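Scrolling down, you'll hit the structures one after another.
Each of the next two complexes has chain A plus one other chain: chain B in the first, chain C in the second.
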Partner chain A sequence: MENKVTRQLYMVPYVLWIVLFVIAPILLVLYYSFFNIEGQLSLDNYQKFFTPVYLKMTLSSFWYAFLITAITLLVAYPTAYLLTKTKHKHLWLLLIIVPSWINLLLKAYAFLGIFGTFGAANQFLELIGIGTQQILFTDFSFIFVSVYIFIPFMILPIFNSLNQLNPTLLDAANDLGASKWMTFKRVIFPLTIDGVKSGCQVVFIPALSLFMLTRLIAGNRVITLGTAIEQHFLVTQDWGMGSTIAVFLIIFMFLIMFLTGTKKRGV
Partner chain B sequence: MANAIIEFKSVTKQYDNDPPVLDDVSFEIERGKFYTLLGPSGCGKTTILRLIAGFTEASDGEIYFNNKITNHVPANKRQVNTVFQDYALFPHLNVFENVAFGLRIKKMKNAEIEQKVKEALSFVNLEGYENREIREMSGGQRQRVAIARAIVNEPEVILLDEPLSALDLKLRTEMQYELRELQRRLGITFIFVTHDQEEALAMSDEIFVINKGKIQQSGTPTDIYDEPINRFVADFIGESNIVTGKMVQDQLVEMVGKRFECVDGGFQSNEPVEIVIRPEDLEITTVERGKLQVKVDSQLFRGVHYEISSYDQDGNEWLVHSTKKAVVGEEIGLYFDPEAIHVMRFNETEEEFDKRLEAYTDGSGHGK
Partner chain C sequence: MRKLLNVFLLVSLASAILLLTISRMNAAQGLTSGNTLTIFNWGDYIDATLVKQFEDETGVKVIYETFDSNEAMMTKIEQGGTTYDIAVPSEYMIDKMRQENLLITLDHSKLPNLKNIDERFMDLPFDPDNKFSVPYFWGTVGIVYNSTMLDGIEIDSWNDLWNPKLKNEIFLIDGAREVIGMGLNSLGYSLNDINKEHLREAKEKLDSLTPNVKAIVGDEARTLLENREAAIGLVWSGVASEIMYENEELEYVVPKEGSNLWFDNMVIPKTAKNVEAAHQFINFILDAKIAAQNTEYVSYSTPNKEALKHMPEEMVNDQRFYPPAELTEKLEVYENLGKKNLAYYNELFLEFKMHRK
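This part shows the complex of A and B:
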């Protein structure tokens, strides 16, 4: 019996953490979402969310998150595949992962320098005769930087699932007449779909609520749900509306988790 | 040979500067027979299989398939299918789709696929398992799915890479019968890789004994068992008593200080040789009637027979398989027929060996 008690004792820090910093804030957000800007209990905020302004914002959030996820996937899958073929694959993986340890803000500022009017990118364009362009504060720079930041998070799960793939299965597909592309389509991709799914989750969900990059790189030209929440809390002081958007964001996250949920397959 | 489906001509496989995995190997595979590549692990037998399947390319030499050079033909274009050691069934597909994989690649019509898969599954006694997931199948059943997946493509050759090694003894014996039976019914060439000599003897039409990247001997199971070419083959296939001696003249061999009549010939007089006598060819008798006098050292009951270990006065060990019991510590005599003696020359190549065998036998009892 003592065993059980000690085991429960070990759980205390974890449970405390979850209750204080996860469950309580979510409940608070839910609570605030029912108060309108005058501080009265109402469903005004929820009604407001379904007005064109917010629906458009939601739609554009999803659209950008989708673009970011899709491009990240397109870059990350071949990269992860090549990595598994290299001799020192874990070293290469580490090198790719390392940038993700650097603070997001630092990386964003680095890109301000690179993409700025007098930055390296424009110097290069000048050199090849295209001339200086407005790169910063465009959709392109926003998506480019977001993709750059998310790539390691996409590579990691895909690399792991590719790495676990039994190489004889590829021989078997080849033996049964499948070309390289067929083998990829019918064996490699289906067997690594779990890695792709978890990669998409860890990219799509944070991409929905990106707000720092929208300001720094996209110059507030891209408004996502994340930006809206930040604005309501810090600028307009409409905590109720901010909370309501946050509630919807949480609902979307659970929906996505549920839709991309993985069923375990054996062998 | 007109009937050869696969032919290796001086094939060598070498990685970087390591010693070659296969060293100048030549052989022919005839249509419709059951072949076994037998040898210890790392001898190069799986490499031969991978060369035939097209998973790897030879460093040197030519490989012919149906008299056409096939060295650079990719694996997916070869009329060969493989049953892998770990079966390599696709875990994301059910039994039906695993078997249908090759047919779907060929873009066959659904109705035809269905019929062929059903046929293949019934061939391996797995009717009704179409919709099972692979993880729901036992080891023996997975084995059968792997075989069905290979035969459904109607290849000219099926390669089997130690497919029985993961099964327990009873199931393994059962599958040996089934594989042999299946090969007869299908009439296609099977090339089976194993390190288990009993498996090889039981199943094959032809055995290639391989060691250190070279084919040591090829022949029917009885050829190889009765007439091993050298110490390695004699030792690897079955139990054997091997002593050194010399050939006084043809049909007369000297060992353990005595001369014995035998049936081997084609030697130089007084040539040093090795002599093999199989334990089951030794008969226990009285000291006076025995050709050899030995002292029983230990005895094991093996079920079918007793395995008796004994030593002669020179300290050579003589293993005897006998249904009669011996008494440990007692002197006994060992009797054997002249035919039981098999004499092996040192460093004889298979070609020389076959030629010598042909020269002195009249086709009775010995040789091919």
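This part shows the complex of A and C:
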């Protein structure tokens, strides 16, 4: 059964998938990026990308994606750690994952109600004497909602690597006189760094091109590369420029994967 | 391996059952090819009971899909792979689609109800002799405001929005031509201006409006304004009349410097599979009583002069939504500015969005 022909036969669906849905679209995006708005072959779009408008947009996309990832990590790591200590850890994990089954748009619309001037959040602020604030359409609401949406994706890989951590290592650290902080810094964190890295990848890369939330929650006060791509494809119909931004996003993603990639070490 | 195969079989079986059920259900509803009409319209832009009535009268099954911008609609039709029999683009988009041969010529002999349309709305520059399109609704762009939240500030011009007292009180719609157009109008320029200096100037003027702008939103504007999230909105007239019905504190005004006059029109795109039923539907919608019922639901202004006779008087006589001809003549219709100028509009709009408070 394990002869060459069947093995090649098994490869067919995989190769077809990769070629049709990964390589071909990327090549098409690359192809379109070399056409300017009048349909002529040129490097106009690449030149345009290096104008202040798009550079500023890139920087702000990175800044927001960084903030979202950092805050998500700060929330997710302790949560994942506590989860591994609970009795029914898989049940608790499930409860955290369940909200990610609900459509993103529905959750965004729910936040429109919660954060509105007369919403639950402001009623609470009123109650504790702070008074009504503008929450919706601010940086705060944008980052808050994004973090909320990404948390499950960060918790999962961290939870898995914490769960695989051999508890005897912690006992050993304890026996050898390491303080709790020392144990965390020298034993737990380094051994779960792979989970943290893949969590950050799963959050940072989509965060870089968020676009629905920028309109619904941030009221277009936050403009990311994703927003610009959407506008170029749907409104301006400048597919070339949209593709060029997409090309840069793909490059950034590869760079991020490369920088945070896990090197196989002989353990 | 065994287990994997079982799972695979189970999934295939489940998919097959689902597929079978769906095709059964479609067949039960009479949804077989050749007897359907696919309509591609703006969201919430028809009285759904009329679709049902059309189905009952003709036996044609209607598949109804919606879009939220002219450009998105055109992209879908241009790309092919769709079978829309009727679409409802705005005037500048019809001009563009006509030039790119995306439309089918209408057979006027199959549209006897076309006589119901007010001559004011026939034979307009974007489609001479109505060869490709039939007016569906029309309206203006203007300002809706909540008078009780503004304590006495009067609004009747674009420049009133720059009042420093209106901090964080304005919602803008997410449309490049509408927002840049507001900037142009407030400076006294035309909505179809393509002079780059004028456009820059308009964008800089808009930048100075940023402190007053709470957000740039899409269809959510309706709920947000209705719920008093902010006092002022730049909206289309139909949005205004709809939310004014829900919240009586709201008022609508077309600014005195001028504004946009627009027409949405029914067309039959090249993708049509059932041209016969498409004509039937257009004629059905043009019927005076049907149009009246539709207008009462949609609350934009109808171009159907016969329909006005079947509508409540206070609706027909409301000059905010049925401005007389001498007023509409001052308003401008969007022209198709071409891809390159449109790209410049959008770039400026993107820059305006990025301008921080």
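To be clear about the criterion, the second predicted complex is superposed on the first by the 260 of 267 C-alpha atoms of A that agree within 3 Å, B and C clash if a C-alpha of one lies under 4 Å from a C-alpha of the other, contacts with A are read in each partner's own complex, and residues count from 1 in each chain.
What we mean here is this: a residue touches a chain if its C-beta (ideal position, glycine included) is under 8 Å from a C-beta of that chain, and two chains touch if they have at least 3 such contacts.
Every value quoted in this text rests on a predicted model; they were computed, and no experiment measured them.
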{"item": "Fit or clash - chain C, chain B, common chain A", "value": "fit"}
{"item": "Partner, of chain C and chain B, that touches more residues belonging to chain A", "value": "C"}
{"item": "First (chain B), second (chain C), both or neither touched by A:Leu112", "value": "second"}
{"item": "Chain B versus chain C as contact partner of A:Ile135, first or second or both or neither", "value": "neither"}
{"item": "First, second, both or neither for A:Pro190, with chain B first and chain C second", "value": "first"}
{"item": "Minimum C-alpha separation between chain B and chain C after superposing on chain A, in Å", "value": "32"}
{"item": "Doubly contacted residues of chain A, that is, touched by chain B and again by chain C", "value": "none"}
{"item": "Residue ranges of chain A in contact with chain B within the complex", "value": "166, 168-169, 171-179, 182, 186-187, 190-191, 265-267"}
{"item": "Residue ranges of chain C touching chain A (in the complex, touch as defined)", "value": "69, 71-72, 74-75, 168, 174, 176, 214-218, 220, 223-224, 227-229, 339-340, 342-343, 346-347, 350-351, 353-354, 356"}
{"item": "Chain A - residues contacting chain C, complex", "value": "37-38, 53, 56-57, 60, 112, 116-118, 134, 136-137, 215-216, 218-221, 223, 228, 231-238, 241"}
{"item": "Complex interface listing, chain B residues touching chain A", "value": "53-55, 74-77, 80-82, 84-86, 88-92, 101-102, 104-106, 133-135, 149, 153"}
